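Next come two complexes built around subunit A: one with subunit B, the other with subunit C.
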Partner chain A sequence: MLEVSGLSKSFGGLLAVDNVDLGVGKGALFGILGPNGSGKTTLFNMLTGFLEPSAGQIRFEGRDLVGKSPESIVRAGVARTFQVVRFHKESTVRETVWAAQSLHLGFGGMFRTMKSPSQRDLAAEVDRILEKTWLEPHADRLARELPFGLVRQLEIARALATRPKILLMDEPASGMNPSETRQLMDDIRRLRADGLTIILIEHDIEMVLGLCDRIAVLNFGRKIAEGSADEVKNNSDVIAAYLGTKKKRAHA
Partner chain B sequence: MSYWFTIASLTGINVLLAYSVYASFMSGQVSIGQVAFFGVGAYVGASLTVLGGFDLASAVMAGGFAGAAASLFVGVPTLRLKGYHFTIATVAFAEAMRVVLHNLKYGRPRSSGNVGDQWLGPDGATGFRHISYLNDHSISTGQYAVIVWLIVAVVVVAFFLVERSRIARILRTIEEDEVVARSIGVPVARYKVAAFACGGFIAGISGALYAHLLTFISGNDFIIHLSTIALAYVVIGGGQTMWGPLIGAIIFTVLPETLRPIREFRIELFGLLIILVMLFRPAGMISAAMVRRWGVALTSKAGAKPPRKAP
Partner chain C sequence: MYFFAIDLTQTTIDGLLFGSTYALVAIGFTLIWGLLRILNLAHGVTVMVGMFAGMLSASVAGLPFYVGIVIAMAAGGFVGFLIDRICYRPLRNAHELVPMIATLGFWILIEEVFIKIYSHFWFRDYVAFPNPFDGMGIDIGQIRLRGDYIVTLAVAALLVIALYILIYRTRLGLAMRMIAEDHDIGNLMGVPVGKVLTAAFLLSAAYGGAAGYLLGMTANLAGPYAGSQAVVKGLFSMILGGAGSIPGAIVGGLSLGVLELLSSFLFSFSYRDAIAMLALFVVLIVRPQGIAGKRLPDRI
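Showing the complex of A and B:
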């Protein structure tokens, strides 16, 4: 579904992402693991069009995504969530999700209000998404009044409203406590069961190992390993780069 | 009475100017150049009635389109920039436009008139005189005030409707964060340019109305000061909803006039009021929270609508 080959990005002399190959099949739950500064977010920004690669190819369903604008990549079916959640402070939760449906509409449709009879299907879709993301009871509250645990759900809901085929999640568990993280893992599994392909960026090893069926590990911009959770866990390069340092710290 | 009709027309013109700022303000773009589009609209509108023999309606519409065209000229290259570059570009354009208008000379000699006052059309620094459409067609100041406020009503209703549509939510998303807006598939630059062009159109209409009200305009009428006042209507009235520009422009046009009896103290009072509003209501006099409360109060008082239930 998503094919990445030889992807590189350099900032001045620094190679942030170095010759990375990835293949993500339809329906996969793919994890990208790596310590901070390993190039995960840079890779994500290239996949979603916010950064132009220095070299390499990105193909989604056979179409070349390199050089495409972020908005046309979303239209092709690649949505993303951000690590830091940002939304308009004076909009309600429902309005925030509703606004993200704009890409399904032509010029005239943009002028319709939320209760427009001609857009009942879209309104029903918003309801379904809110239900799926636990936001239904808070739908008419202002987005800024949401409890912290649900803020990231709003981010996911907004991405779902664009009707993605593949969802790229940038550290969705950052700032969450263990029980919130477990809940999030369940949610991600359910999204996947609904047929969504998901790529997850995390530095939380437990989460990625417990969730993803295929994992690529980045370090200093290079892909040092790829495989199932077990394969990655037992890879000596990964242990040296990532798990090893953690073990040492735990010892001390 | 005619004095107050003129104040009413000026208030309407200022309300339009406030909405011209608000259009791009919604997407987070602060323009201090609206006076340029106002001036272009004034010169184009006046030229059409005085020199072209067109009627007022066509002249005002043409003023609007000229304002929109001028705003596209500034907006297309600069709205792709981030941060304050756009604002600075609008200031620069407004100042350049003032100089251009100040030096414009075209038209034809008048058949009658005193020596030194025999030119129809803009006459350089002397300005553009004899915009006598209202007088020629015996439109009273009262009738003109009605015309102006009808146009204001159309614009207010348009903003009221847009505010309830996805367009407003998207402009507000752009205001909050352009990266997020792009991540939900919004072509950000296109929205910003379109909003700015709508603002330019409204400013152009406002300028054409102004020219016909005053009958005499010159480049020096269109100084940056007017733009900053228009921005103040929005910021002090409240930039979160479409009610802010309306209330802001009305209060800050009518109040200084009613305070004339206290003479120069009114300037101080005016300044004090601005400081107080900014201190105690940083979101402006009319905030989004206030509009929501009123909306709830109105629907519950009317009692006509039962509480909303999920279908």
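Showing the complex of A and C:
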């Protein structure tokens, strides 16, 4: 479904992502693991059009995504959540999800209000998404008043409102306590069971190993391993990266 | 003393009514400033074009007021479209000062060309802007509400209400508010950011066009320097009220209207602008965020 080949990004002389290949099949729950600064978020930024790759190809359902705007990539069915939460703080939870449906409308539809009869189906969809993400009791609160754990849910709800085929999650568990993390893992499993393909970025090794059926490990921008949880767990390079063994970096 | 109090009240009321035109101009600045952090210095061109389109529609074509104002808004809106396509779009990835300088260039270019046309050709014969409400009015005791001022306030109020519905009730408005805070938020939700911004330029320019019509009608005159004056008054109103907020633009515009007429009445017409500017200084020293300004929670 998503094919990445030879993807690289350099900032000045530094290679943040170095010649990475990935293949994510439909319905997969794919994990990208790596210590901080290993290029995970840079990779996501390229996949979602926020950064232009220095080299390489990104194909989604056969379409080339390199050079496309973030907006058109969302339209193609690739949604993401951010590690650092970004949303409009003066809007309510419901409005935030509602705004993310804009791409299902023509320009004329943008002039409709929330209560217009023609918008009823979309409003019902918002309700369903809020229910799925545990936000329904908080629907009319301002987004900035949400406790941190629910803010993460709002990011997911907003991504779902764009009706994605694939969801890219950037460290969704960061800052969560263990019980919130377990809840999130259940939610991710349910989203996948609903037919969504998911790529998860994490540095929390336990979470990725416990959730994902295929895992790629990045270190210093390079993919050092890929395989099932068991394969990755026993890979000597991965162990070295995570235990912090000093290794000479091969700069291009 | 009694007559003085009557005159003072009359002047204040006139100022409030007339100030609604300044509020309309300031709203145009505020929308673009809030969304893009660009001072759209070409905004005055929309006022001037709206004024001349309105004047021609009324004097040459003899169209009624309500048609003329729609024509003025359309003409202003077209200028806004040009500003978007010429000054903003090609330069949107440049430093934030670059589009502003482009709007400055657009302003000077259009105004100079317009003045040449105006002084060499036939516009001179048509500068008188017909005022269908001339002489009309409502008397309340000793106070007279001028008909054209009432109409001005009514039009401005309608446009403000429409703007509030658009911004706080529709998806387009929500998209604008979100883009105002962070363009990437819009992008990642698939909001067509470019189209929303074009809509904002059209909207602010249409409001400029309407302001141009009302300014011309109440003055019975269409002048080629109306755009420059509108830039000064609009920016003044925006900053006086509180940059970046729509309520601020309204409060600022009405305050400027009152201030100008009161200083003409109490001192002299020729010191009007100087006194208004002095008042702006005082307000900004006491309240740096403007009269109705907040400490930037929301950007439009």
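Criterion: the second predicted complex is superposed on the first by the 242 of 252 C-alpha atoms of A that agree within 3 Å, B and C clash if a C-alpha of one lies under 4 Å from a C-alpha of the other, contacts with A are read in each partner's own complex, and residues count from 1 in each chain.
Convention: contacts are C-beta pairs under 8 Å (C-beta built on N, C-alpha and C of every residue); 3 or more make two chains touch, one makes a residue touch a chain.
It should be emphasised that the depicted structure is a prediction, and the values quoted were computed from it without experimental measurement.
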Joint occupancy of subunit A by subunit B and subunit C, clash or fit: clash
Touched partner set for A:44, first subunit B, second subunit C, both or neither: neither
Which superposed partner A:30 touches (first subunit B, second subunit C, both, neither): neither
Which of subunit B and subunit C A:60 touches, first, second, both or neither: neither
First (subunit B), second (subunit C), both or neither touched by A:88: both
Touching both subunit C and subunit B, counted on subunit A across the two superposed complexes: 48, 50, 69-71, 74-75, 79-80, 82, 86-91, 95, 98-103, 105, 109-114, 158, 161-162
Residues on subunit A engaged by subunit C in the complex (per definition of touch): 48-50, 69-71, 74-75, 79-80, 82, 86-91, 95, 98-103, 105, 107, 109-114, 158, 161-162
Subunit B-touching residues of subunit A, taken from the complex the two chains share: 48, 50, 69-71, 74-75, 79-80, 82, 86-91, 95-96, 98-103, 105, 109-114, 127, 158-159, 161-162
Touching residues on subunit C, where the partner in the complex is subunit A: 165-166, 169-172, 174-175, 177-178, 181-182, 184-193, 195-196, 199, 297-298
Interfacial residue positions of subunit B with respect to subunit A in the complex: 161-162, 164-167, 169-170, 172-173, 175-177, 179-180, 182-188, 240, 288-289, 310
